[in-house]
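Per-chain numbering from 1; labels A, B, C and D assigned in written order.
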Amino acid sequence: MLYRENGQFKTTYARDQQVFPILQDRIGIALLLLVAFVAVPLLAPEYLFRAILIPFLILALAALGLNILVGYCGQISLGTGAFMAVGAYAAYNFQVRIEGLPLVLALLGGGLCATIVGVLFGIPSLRIKGLYLAVATLAAQFFVDWAFLRVSWFTNDSASGSVSVSGLQVFGMPIETPEQKYLFCLAIVVIFAVLAKNLVRGAIGREWMAIRDMDVAASVIGIQPMYAKLSAFAVSSFIVGVAGALWGFVHLGSWEPAAFSIDRSFQLLFMVIIGGLGSIMGSFFGAAFIVVLPIVLDNAPYWFGIPIDTALAAHLTFMVFGTLIVFFLIVEPHGLARLWSIGKEKLRIWPFPH
Amino acid sequence: MKLKFLPVAAALAAAVISTAAFAQAKEQFFPVLVYRTGAYAPNGVPWANGYVDYLKLVNAQGGINGVKITYEECETGYATDKGVECYERLKGKGGGATVFQPLSTGITFALTEKAPGDKIPLITAGYGRSESQDGLVFKWNFPLLGTYWVAADVLVQHVGKREGGLDKLKGKKIALVYHDSPYGKEPIPLLQERAKMHGFELITIPVAHPGIEQKAAWLQIRQSRPDYVFLWGWGVMNSTALKEAIATGYPREKMYGVWWAGAEPDVKDVGDGAKGYNALALQHGAGIAKVHQDILKLVHDKGQGTGPRDEVGQVLYTRGVISAMLAVEGVRRAQERFGRGKIMNGDQVRWGFENLALDQKKLDALGFAGVMRPVSTSCADHMGAAYARIQTWDGTKWNFSSDWYEADSQIIKPMVKSAAEKYAAEKKLTRRTPEDCQS
Amino acid sequence: MGSFLETLLGGLMTGMLYSLVALGFVLIFKASGVFNFAQGAMVLFAALATARFAEWIPHWTGLSNKLLINLFAIGVALLIMIAVAWIVERLVLGKLVNQEGVTLLMATLGVAYFLDGFGQSLFGNAIYKIDVGMPKEPVIALEKVFDGGVLVSTEDLIAALVAAALVGLLALFFQKTTTGRALRAVADDHQAAQSIGIALNRIWVIVWSVAGFVAIVAGVIWGSKLGVQFSLSLVALKALPVVILGGLTSVPGAIVGGLIIGVGEKLSEVYLGPHMGGGIEIWFAYVLALLFLLVRPQGLFGEKIIDRV
Amino acid sequence: MSHREIGDMILAVEDISLAFGGVKALTSISFDVREHEVRAIIGPNGAGKSSLLNCINGVYSPQQGKIRFRGESFTQMNPHRAAVMGIARTFQNLALFKGMSVLDNMMTGRNLRMRSNLLLQALHFGPAAREELQHREFVERIIDFLEIQAYRKTQVGRLPYGLQKRVDLGRALAMEPVLLLLDEPMAGMNMEEKQDMCRFILDVNDEFGTTIVLIEHDMGVVMDISDRVVVLDYGRKIGDGTPDEVRSSPDVIDAYLGTTH
């Protein structure tokens, strides 16, 4: 009964164009942010921060970036891990080579380099479509991994090819404790989510979706496929690059190309599809699902005090994970975001079925 | 979704913490990072079994001066981010983790950044980052028994001896076939150093994870005809390398593996083809010593064996046992200073590892006679020993085929120092003072 | 020159195996429009089954004849793969008809996860042996012509021949048998196929079973080369550039593509690798395929896509 | 019929030929369109009507011939330039953006006129926001005009066919086109839907003075609303003139006897 838009008349188009036209949604979001920014830092234990929340936020950001490319512009990419890697290593180089460069600038710099690489590997999309493109993007994946292993300049000539950062700080505030790290990531993620939302509901977003849905018609309306596709690659890989930098700097602290392997790319694609193609919120759902599920699964035996062989537990995790993936794809091919909105619809007209 | 998961996860995590909180007073908690699944499981499993079996043995013998050991396994799958998650999951349990041993160079790198903050030592017996031997910079890392620079150095010494003197290496070709990862790259600086000294040519041939695609690598070897091949592999890469060596007709006698490429899983299913293949032994080899008999008697016979019985005494199993023993002895040593029969925290255990004095007598008492040599660490030297032997596969088992070599500290020390300095500079660390060493 | 020939041969023989795995992809894509990322998992699963049953059968039956044991083991594995095919059709594909290609792709990844976990918890996760009596020692040919001669790995040679035979067999199966024709019909147009009374789900089970069989052969060959172990599931990755180079829907494409990729990989690694620090074969294949696609977006033999308005 | 004076020639198709591989779709077609007029293209299925439109707005590029539009002449158009010059187009078998709402579909028609860059859009601030609003208002006028207010936020994929056709028209109108190409706007509609559509087309032609080229099968409709008619058969022009002239042309008659009924 509480969830209603009755009596909320939109007198101007501006009001109508808000991201959350319904009052209750706005309140909900406000509460969510309140919890995320205030309650969680006060209550959550360290493990939750380090092992779940921080990875969740960073990967959600990456998924958000990928969603712009796959969900909004319809260009499948299996090279996301590579773009994350570019972001991470570029940011690293900015940091070690430019004395006293602020962290935020290093991260954004990482994002920019990822953008360049992303656009470069996006060019084939002007000719190659669908699964062919998907597999073609693997070229980016493997080439980039190789480059960071082989070209020692990228790793500042570390003998092992593994790089590490420390002493992070923003505007004089250190980013050391899990709470600080969490809040830093959260802030960045929220900002990017808002920016991304604005993009996808604006002119460029419409161009992306037009290309996705019917590229011939789009070009007839005057949309240039080249601009639309490459801008999608650019925006997407920028966000992904920043996420990669965060993954290296904030989450791992020390990393090697293996941290951005092809498994990562698949993992992110999972998030986008399970969460919901073409939905900002879906990226978060997907990330939560893919990050939390395996951890919950292989922690479960200990929580319920069932002594279970580690290997078996790991295999069961694999099996349950795979099954759930398939299950969700069958139940709702359009992802959790769709389930969510259906739920809201039902709630809106509750208790009347129609 | 997020909202739904937060409370759930929070509750569960809380549950974990609380169980940890009222964990029985007199128990020392050992987290066990393992990989029993994935591409590297065949090598990860025996190590893990040995590690856990030894912990069980210690408990069966009454614990560490009466302090019982608790432990929990966490599956890393040899993946860095899973490793980090495991670390975070276990570090707070059982009243605080004693020591971590990730058995993965990648994970070691990641944990090296986290351990100091949590004051938990890392043992990386026979792996990890070579410069972490320098305890004045790497306060929490303990590459006990040897690093990859030690391994590479010993291998060069051995082939030099085989040629009749290091000077005879001039103009020779040595190919390094390595796992394309931090692990495989570690030895390269030292080999380059040695190559400069003795004037042999070093050919480096990377093999991509997981190492099942080596045809090209071995075609290169067949064409460049190196006098020796050093194999820096792990998991399926090792057996594949041997098979390709057979397929391209490279003599196994001229192949030398690092001590992670010298165990039963690497040669078993190659069988006779691997005859003559050599590998380093990280001090110990295969075979049943007193400690193994104890494990069989007090653990396996009680039906508490972790793995199959015939695995006891295998190379990687024994390495697991030794790793566990080192961890336990660190605690014992710490108790000598901070109170017998007490539970040691990470900082105290670190002191223990820093002041290990495992002489032959102690080792014999522990049942490690003939398995390994004495280890004694110091604040400055976190390695404690730099000895290794060569072992050779005769088609059915490993036999020692050389006596002990000690790595040449003349060469390694300066490399460690400069590398450690570089790290300290990057991290803006100051070297530890003598006072700090007392702590 | 001798070494060049060796590399070329090595490439061709490896390529033949790639073709074999690629064929698995193509078959399934042709008939059901699914880009089956579970192919690798199927190879591992099949290999594990074969290896383990080859171990167990003697214990159960006291059989001692190696050939018989292997045949039995492969037979059992085949039954299992057919079961897998049937289950996949029932529980996964049947429920996902006319979904987006990428959704199906993700579903197969789910299947892959399941098979990896299931296979290893069922059959174990150590290294297992498949011994079909492959000769291991190489032979040196043309010693007169080049110094050092040309080394030919007999094992690879046999493997390549078996693969080639199987590929030929499947090509025949597609061209000659009624089932094969039915498959082709389905591939060309699902509705039409149904309208002339071809039961899709039956076809799919058949195709997945055939792909399962291909997986077994690939698994046995790679398995006896490398030992059966988790990493086998990664050989499928090597087949991806092959399928896009050859065209997702083309059997000859898979064959030719496999050979091109195999040779390209090995030559690049051996001759370019040393100048670039090595390890380039992992991406070279993909870049090769990518550049090729820029010229021919539908791959070597893929059908051209014309979108009309 | 509407009372607005026909201006002078705005579009001329000169001797266009198009072939796919060996198949000839169009052979040396020529005709012209005058400002403000409603020009119909008729002909049996496969006569090449749609291909002709595709040549005019550059989706296909003819092997031979010229297209002269507003004084400029092109050997081959490209879709973007066509759009910039004010040629809009609807599609025979709907080519709407199924995943997007009615509103967004129409807003894409305004994209060409939007100037603010990525960054501004991302911040959704100042000019970007204002621009978005102005265009929203324009599109709302078209929505009112087409009487689809109720479906603004609905995904077009979910709309009934007739309404989708309207949205298709609306998207084209949003471009404020000079020349509007309609490819069978009434195909598969029932009587009153057709009447509505006729009304819309004529109103567009009236109120905005948009020049219209439409393909239609329904002879009745064609004869009612068009000023002049081009008749194609097997890719050749077999008739051109006012409805009455065409109706009485012998070639046209037997072409149609040859195909329909």
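The working rule: a residue touches a chain if its C-beta (ideal position, glycine included) is under 8 Å from a C-beta of that chain, and two chains touch if they have at least 3 such contacts.
As the structure is a prediction and not an experimental result, all values here were calculated from the model.
In terms of Cα centroid distance from the overall Cα mean, chain A ranks first. Ranking A-C and A-D by contacting C-beta pairs places A-C first. Chain C and chain D have Cα centroids lying 50 Å from one another. A separation of 33 Å divides the Cα centre of chain A from that of chain C.
Distance from the chain B centre to the chain D centre is 74 Å, each centre being the mean of its Cα atoms. In whole angstrom, the spacing between the mean C-alpha positions of chain A and chain D is 41.
Contacts with at least two other chains are made by residues 36-37, 41, 45, 180, 206 of chain B. Contact with two or more other chains is made by residues 149-150, 216-217, 220, 311, 314-315, 318 of chain A. Multi-chain contact residues, meaning those touching two or more other chains, occur in chain C at positions 120, 125, 277-279, 282, 309.
Those residues of chain A that touch chain B in the complex are listed here as 32, 35, 40, 43-48, 50-52, 55-56, 96, 149-150, 159-162, 164, 166-167, 176, 251-256, 258-259, 263, 284-285, 288-289, 292, 295-296, 298-299, 302-303, 309-311, 313-315, 318, 336, 340. Considering their complex, residues 57, 59, 79-80, 82-84, 88-89, 91, 95-100, 104, 107-112, 114, 116, 118, 121-124, 128-129, 132-133, 136-137, 140, 171, 175 of chain D touch chain A. Listed in rising order, the residues of chain A touching chain C in the complex are 70, 76, 124, 127-132, 134-136, 138-139, 142-143, 145-146, 149-151, 215-217, 220, 262, 266, 269-270, 273-274, 311-312, 314-319, 321-326, 329-330, 333. Interface residues of chain A, counted against chain D in their complex, comprise 13-14, 17, 195-196, 198-199, 201-204, 206-207, 209-210, 212-214, 216-224, 231, 235, 278.
Across the complex, chain B meets chain A through its residues 1-3, 5-6, 8-10, 12-17, 34, 36-37, 41, 45, 48, 72-75, 77, 79-81, 84-85, 88-89, 92, 105-106, 109-110, 112-114, 117, 129-130, 180-183, 185-186, 188-189, 206, 209, 419, 426-428.
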